[in-house]
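One chain, chain A, links the two complexes that follow: it is found with chain B in the first and with chain C in the second.
Coming up: the complex of A and B.
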């Protein structure tokens, strides 16, 4: 790709697109411009994550703290979590710990480079904290490495000067000996008012250490000390500057990510490499309770890998736009054809008009859904083979998709309905507790059960995405048996949770729910463990996506 | 509302441009308001654009010169050039992320003139039609420009 520079130099092999345009950029306006330097995309990130909080509850953090000596002592940072087969290692950082992390890396680098503390830190940022690359470049040509980053090894402390009759500010045109001005190592002088306005604007756009001298094409970095000097009167902007520094640290490192929960200020460090995401799902749980995928930042999608999830979600989006066959929450009663709305999480449906009892998933009579014959998770490829041979391929694949989508969607909806039910139940709890003389702890079992339900429904939901892309063979049958076991147990637990609780039944129901919860949890762990190992052993074949 | 700084800057620049134009190839045509100017540029002698007349429209944002002006070619005639789209948008780094508050409208005109002068073949940018269709009359500042030039 090539473009044009302001010297009037034109590159002849200008043969690629010089632009990228999207509607969304209107929101970011000026900041969304993509440049050509290695840092351009990160620069972009820095301004796009303005919604990310970064202020510590302990108040503003000043760069001085970072410049303090830490010696050889490296404190233990973040919190390490214990691991199950499907869990990955990660650390959670609060804003304070993030700052300490930066101090430690800089302290480690400083004696190796032998340049000022501030230059070390800016150089690290310039290299996106890739220490090996930095050292390699620095050892081969230290002058060039510093110059390319817009740095000087030992810059004189920046100061506001005045008293030069010949001074004229190229931004506001004020001149004279009275004007106070600042010049960085490049010698470009601007009046302190203009400098302040310029830096403030950049900081409010999300910039921090990347702010450079305002002269055309001058790349000399302003640095943290000079920023503090200019913003000495404006604490709010300086606080924002410090926030931006931390934000840029997290954004610049592949191994760090902000928790996507609104207003959450924690960041996660996870070293599962991108290349492993096809078989390992890097799900992390933030201190705020949000469980998400470090890879794609989507909600916890265990046990389906990221690439499948994004493909599936895209498919659902495309299909819901182009066809109107997805009627998620209403169905016709098989017997009397009246419309039935699903209003509970359980699949055992009873028609309001004719009292026909049936299964929401397969529409078959509920009486056939005995404990040992729960066959609703399967797209029975054998029994319907003949019928499908006569229909077109498109129709076939659509039906296959509907089969999996229905089940996927059912778990999503049921999880929501279970949450709703819990809310209603909680409303009645106070009354219940009064009437039945129960303590708060004693009804906690219901909440716990709904938590188990949600986790299982989420897992089940994503197993249908795995199954959709899974090629049918013996291994898939075993997979579906495990899936069926968990699904069965989950539906039973859901049924118990929906049962009305009365004075005489409470003890019985509580015991049943707690027993079932424990059982469901065991099934859930078994399933996840099995899928995790299966994915890593390439036990299943997946349609090439 | 223009800030005090932008008003002062624009007044000075305007005066300068009227009294002391940088060359005979740059001429202020109009300034209906302080923040909207039209400037005529004439292609330099002995270049592909010699004697050709074009009109540049400058729109200055309220926080000019901290923010760059919006600069586009207007009128019936837009130069055919590998970095100028047929809707008048100009792919020139100093107008976007390489903008400096120490640059002026005059400096922008000179850069555009020199961009025309160094051109060796009059041809439109690749994918001009697609770009123009997508951006229509939107501001070029809403585009994400890519510049592949180590000198910028």
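Coming up: the complex of A and C.
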């Protein structure tokens, strides 16, 4: 495992000052230090051939995969890059690197504890890799610590024995000198067949290092060597065992998480503490390209914090808003309680179910309205006033929700369209190459513009969630100004990209799109930086959630 | 057909027959060795004394690596027995060891009758009475004892 830099990445309090720099002075920090440095430099080489220098390479859209730093011609130092205010430090591990990571931690602890390699690893697992707790307990009472975990400092290597006439397996009761058996340090002997079945069952249930001796209440851990010995003939189960070991490592540590993308086998290490998630959105981008929130494992939801996102999604899922709509837009027939939506016509209603005739305005029976057709004079009676007031209150809150939801939804749909746009863009790019005799590199600006678009769409989408929960004040107005600036520019860029070959000359279009992309990108950065600092400073009031 | 599970169940049966006077008995169904009927006699000096409580044990081929399903066929009033007869017993769930056999299971259940665990109740009313009104608890248990004779 290389590339685990000692530049403060491991510091627990690293993020306190990470966000303090302003627009003018950006610090150099580490970000997305991909475990394998050889792989990282390889990526960089690729990026330099594929990306047109100065156009987009130093933009925020490749931030997390080391593909930037090509804007200027400084030597590219693998992992060093400008860190934006809203970005967090993290590392990506493939399964091999995860295994190496475990070995490394164990190797570091081994001389401290002075016990066998295997015992060290199992003890670490028993303590969920919390090295401080382990050392503290171990130093105060080493024997008790080991016994509690079901371990021995230097256990004899497990081996299958046979040739004891008195042996009888306590599981299947087969006996005799021919039976091969295994016993751990506790001395409980079981025949190798029963042991194998037992371990296989446990492994297929997802267990790995927690498997202990099958004897009742015996806490002695089977250990990794013994498991390997028993499963030597069964490669699938053995593979599963190794998988479970790695899985439990990632699951046992708060600072590790699996990338939630289907079939992705990378894990991410991120040290943004849980307590900071309300103001910092720990968005990480996996090597597989999936960008997600380390906190809630949901898709990248910058700039809305996790708790707000889960509230919002719950609200959108709930049918509470549907019932609100029904409440506002429909009335019940006084007689048969059928739900009625008035979609036209006069106030003289006739229920289709029970044929009751009533007035839509006051809900009273139509017969009482006498000859004053279409002019309900009962409108001002107290009871009808009250009813209408309660309706208008609900209507206001619903309208507010719908206002934000429409915009949120619009950007979500547009982001989907942007993905389609990518396909069209590729076609356009080919067309331009063919018709205008441009080189491949010269039409890349279109693709970059589409990338910019989809990132901005996602950000804009979540700003509406933030705005929905934000209490209206002057700060909110500033926030909304920033938001609408970005939104307007994004829509303009969208328009330019969708039909690039118009009447203008290619050079004009290219210049326009590139200018607009750069502008949008700047707006995007400004908005995110502003929101990040705003959240840290508690600049906005949010509805109590 | 002989499988490790069936061979083991035959051994269990022999061992159970050897344990006389221990207040437990059981036997596989004549036509299916995977289903057993068992009887636990209520332990002396408990409200369950003199009761003959019937149980059904259902095994599958994963036995003895996995525990059987155990259910009371008689009506029970006990903090750790659900109303439908299923019981909440650690050795039948996460504390299972493949070395347990039918005799061990029945003995454990017998001692559970003797020693209920009201902190993780499967039957809330029984648990509350056991803690707060032992007299009423005893009366309700005695009702089930009398029912068990029928």
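A few comments on the model shown:
By our rule, the second predicted complex is superposed on the first by the 356 of 545 C-alpha atoms of A that agree within 3 Å, B and C clash if a C-alpha of one lies under 4 Å from a C-alpha of the other, contacts with A are read in each partner's own complex, and residues count from 1 in each chain.
The definition used in the following text is that a contact is a pair of C-beta atoms (placed from the backbone, for glycine too) under 8 Å apart; a residue touches a chain by one contact, two chains touch by 3 or more.
Because the structure is predicted, anything quoted here is derived from the model rather than measured.
Of the two partners chain B and chain C, more chain A residues are in touch with B.
Of the two partner chains, neither chain B nor chain C is touched by A:299.
Shared-chain residue A:216: touches chain B and chain C both.
Chain A uses residues 170-173, 194, 197-198, 201, 214-218 to touch chain B in one structure and chain C in the other.
The residues of chain B lying in touch with chain A in their complex are 5, 8-9, 12, 63, 65-68, 82-83, 91-94, 96-98, 100-103, 107, 111, 114-115, 117-120, 125-127, 131, 134-135, 141-152.
By the touch criterion given at the top, residues 170-173, 193-194, 197-198, 201, 214-218 of chain A touch chain C in their complex.
The part of chain A that touches chain B in the complex is made up of residues 1-12, 14-22, 25-26, 29-30, 32-36, 170-173, 188, 190, 194, 197-198, 201, 214-218. Listed in rising order, the residues of chain C touching chain A in the complex are 4, 7-8, 11, 62, 64-66, 91, 95, 97-100.
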